[in-house]
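Same chain, two partners: chain A is paired with chain B first, then with chain C.
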Partner chain A sequence: MNTLDARGLSCPEPVVMIRKAMQSKENAYRIVVDNTTATENISRFVKNQGYNVVVTQENGDYVLDITK
Partner chain B sequence: MSDKKERITIIIAGLVVGLLGALLVLAGNPANMGFCIACFIRDTAGALKLHSAGVVQYIRPEIIGLVLGAMIMSMVRKEFQPKGGSSPFTRFVLGFAVMVGALMFLGCPLRMVLRLAGGDLNALVALAGFVCGILGGVFFLNKGYSLGRSYKMKTLEGVAFPAVQVGLLILLVGFPTLLAFSAEGPGSLHAAVGIALGAGILAGVLAQISRLCMVGGIRDLILFKDTKLITGFVMIFAACLVGNLVLGKFNLGFAGQPVAHTAHIWNFLGMVLVGLGSVLLGGCPLRQLILAGEGNADSAVTVVGYAVGAACCHNFGLASSGNGPTANGQIAVVIGLVVCVVIGFMNSKKNA
Partner chain C sequence: MGAGTLSEMLKDMKTPYDPLLLVGYDTADDASVYKITDDVAVINTTDFFPPIVDDPYLFGQIAAANSISDVYAMGGTPKLALNVMAVAKEMSKEDIRGVLAGGYDKAMEAGVIITGGHTINCKEPLYGLAVTGFVHPDKILSNSAAKPGDALILTKRLGTGILTTARKADETLVSDRLIQTVYRQMATLNKYAAEIMLKYPVSSCTDITGFGLMGHCYEMADGSHTSIHIKSSKVPVYKEALEMADMGFVPEGAYNNRRHTDGHICPCEGMPLALEDVFYDPQTSGGLLIALPKEHANKCLAEMIAAGVDAAVIGYVTEGMDYHIYLEK
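The block that comes next holds the complex of A and B.
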């Protein structure tokens, strides 16, 4: 599973990044962001695509585990 | 925040900001200008004598309130994050360009919606341009456009911009004789300091929680079919429309609208520039103020770009007036569009 690093990127780049990655139609993705806005935006996007998301906080960053 | 909660907060934020837009006019602000981030930054630049257009000089407490409201709320919610370093000077230039576009049309995206809610059909032409500009920005985002990462900064870097706002408030209240204030024109029309500041703080708090962004609404709808932010956009329009109808301030038409002109091509192109530049910046002028309040130094630099842009617009006759655009302003808008396109291409990855 690829881990994507979207820390420090402006809105909406983190969502563009996960959208591009998800074109491969895998069952699981992981993306790391550094703010709650990106966390919310990605969560909303992947749920709309029929995925589940679990968010965990790590050293001030947010790790989003996205699964089918 | 759950999806439902997010949806509710954006609806509330939109309704309150729209209603404040109507009520601030009642309290003394210029017509259809309850809030205008571009106009108010321009007025503040004038009060600080960065330009000498006598009719648009006043430190607008709404701007101060928006930044401080966002800072307080982001601290309460543990979202205050000093950061910066994502192409700051490019952001300054984009901020400058966005202001050139906004002062061609005479309003930021927020005032565009408030003007529309006041019946000003010129704002409809501008909205069409705004959408086209956003489409241009989406084109670059799909090409992998990015201004690069920001990084964590020291606390002082994050609090410096809000501290400057406190300084402006102290100047406004304590040392007004140091400043230039309009005796006539839009700059002379304003709500009482306390009301304007309170409205700004309330809007800043709600915009921080909800991530309200005028450019993000249309952008996310096009890019991701995501309707969250556009909901806020629509709610602002709806609440302000109802407010204007109740207060008898709705006046449908193109001609004779307050602080507006009817040069359709230039209203359109001005907002193409605002839409494109704002997507490249990652948010509208309102959102940049909120982010600056949350400690984002890149957004603070963007706001300084707006202020310098506004000052230059008036110093060099680029800004429109009720009489229409100027030749210099038209040239500046075209240059601004070219600059944005160059920035867009230069920051897009090949094969992204």
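The block that comes next holds the complex of A and C.
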């Protein structure tokens, strides 16, 4: 699985990161962010691309598991 | 800063009573108004922000249009201004001159004289104006005086925050042509809409800026003890902003605005999330939101459209109900 770390980045950078990564068209990605705006924006983007997303909170960070 | 954070921080700082202070910040209005004589009151307001466009001249124009707008929103005529500026060390003399020239030209267009100002060195550039205007004390427009039976007119298209965020992320996402249209709208003075508005018996007015359409509607409804009903399909929005919201280019301020008004907005079933995002989208130098008796709305709107203002009737006002804002189809 393709795992990305977008902690410390503010929008729109985390979305730019996942957008670039998803050009590889894999079935699953994981991205870790540290703010709710990035969580919301990434969720909007991946749902729009036909993926599902599950968000879990871990030590103040948000882990987004993105699957086809 | 977000509306909620700011009002929390200011809550212990009460405005001292002064019978001549006609508008303070108790009603979250756009500017203060102080009565000088029975015929004249002075309006004071300021606004400044970091560059939102690369071109210094355009940035100066947008920042000035935005600062002056508060005077129009109060029903006044802007007259004097001071530059408020922070210069970063990487800025060239031409850059600095460009920003000031943009501000100067926009002020001239508004009939405003820039008489000086204050400039400091700072890590991040900033620019805006502190503006003084005048209004007849009986003709002040507050943002908290909407009345049941009013219609609501909005005078600029929404979605500029989302589009500038997307453009910042990737220049190919928003075409040059569209972004230039957006920049031109931001640099457009609310003067032309305001001059037409003042011919009508307007109840209440504000300008749409950082709190987005929803945040400013919330303030108007809350301050006037009314409910505001938005006909969602009638609100002028950049359709590309809807696409960019779906792509995840929603600015942080939009989420703050959503949180600040949470529980006060009755959603509309089946309304796309992207359209909601545009309604919460913070606008730079946005349009006027005008409440006026509905029998005058169509005539006022027709006059604005004839004058080239991108306006629409977007909703209406009722007595206060369970929610401050009702989103309708």
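Just so we're on the same page, the second predicted complex is superposed on the first by the 68 of 68 C-alpha atoms of A that agree within 3 Å, B and C clash if a C-alpha of one lies under 4 Å from a C-alpha of the other, contacts with A are read in each partner's own complex, and residues count from 1 in each chain.
As a working rule, a contact is a pair of C-beta atoms (placed from the backbone, for glycine too) under 8 Å apart; a residue touches a chain by one contact, two chains touch by 3 or more.
Predicted model, so just to flag it, every value in this text is computed and none were measured.
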item	value
Which of chain B and chain C A:42 touches, first, second, both or neither	second
Chain B versus chain C as contact partner of A:9, first or second or both or neither	first
First (chain B), second (chain C), both or neither touched by A:30	neither
On chain A, the residue positions that both chain B and chain C contact, one per complex	10-13, 15-16, 19, 35-37, 40-41, 44-45, 48
Chain A - residues contacting chain B, complex	7-13, 15-16, 19-20, 34-37, 40-41, 44-45, 47-48
Touching residues on chain A, where the partner in the complex is chain C	10-13, 15-16, 19, 35-37, 40-45, 48
Chain A contact footprint on chain C (complex, rising order)	165-166, 168-170, 245-252, 255, 273-274
Complex interface listing, chain B residues touching chain A	1, 3, 6, 77, 79, 81, 83, 86, 141-142, 146-151, 211, 213, 216, 219-220, 223-226, 228, 281-283, 298, 352
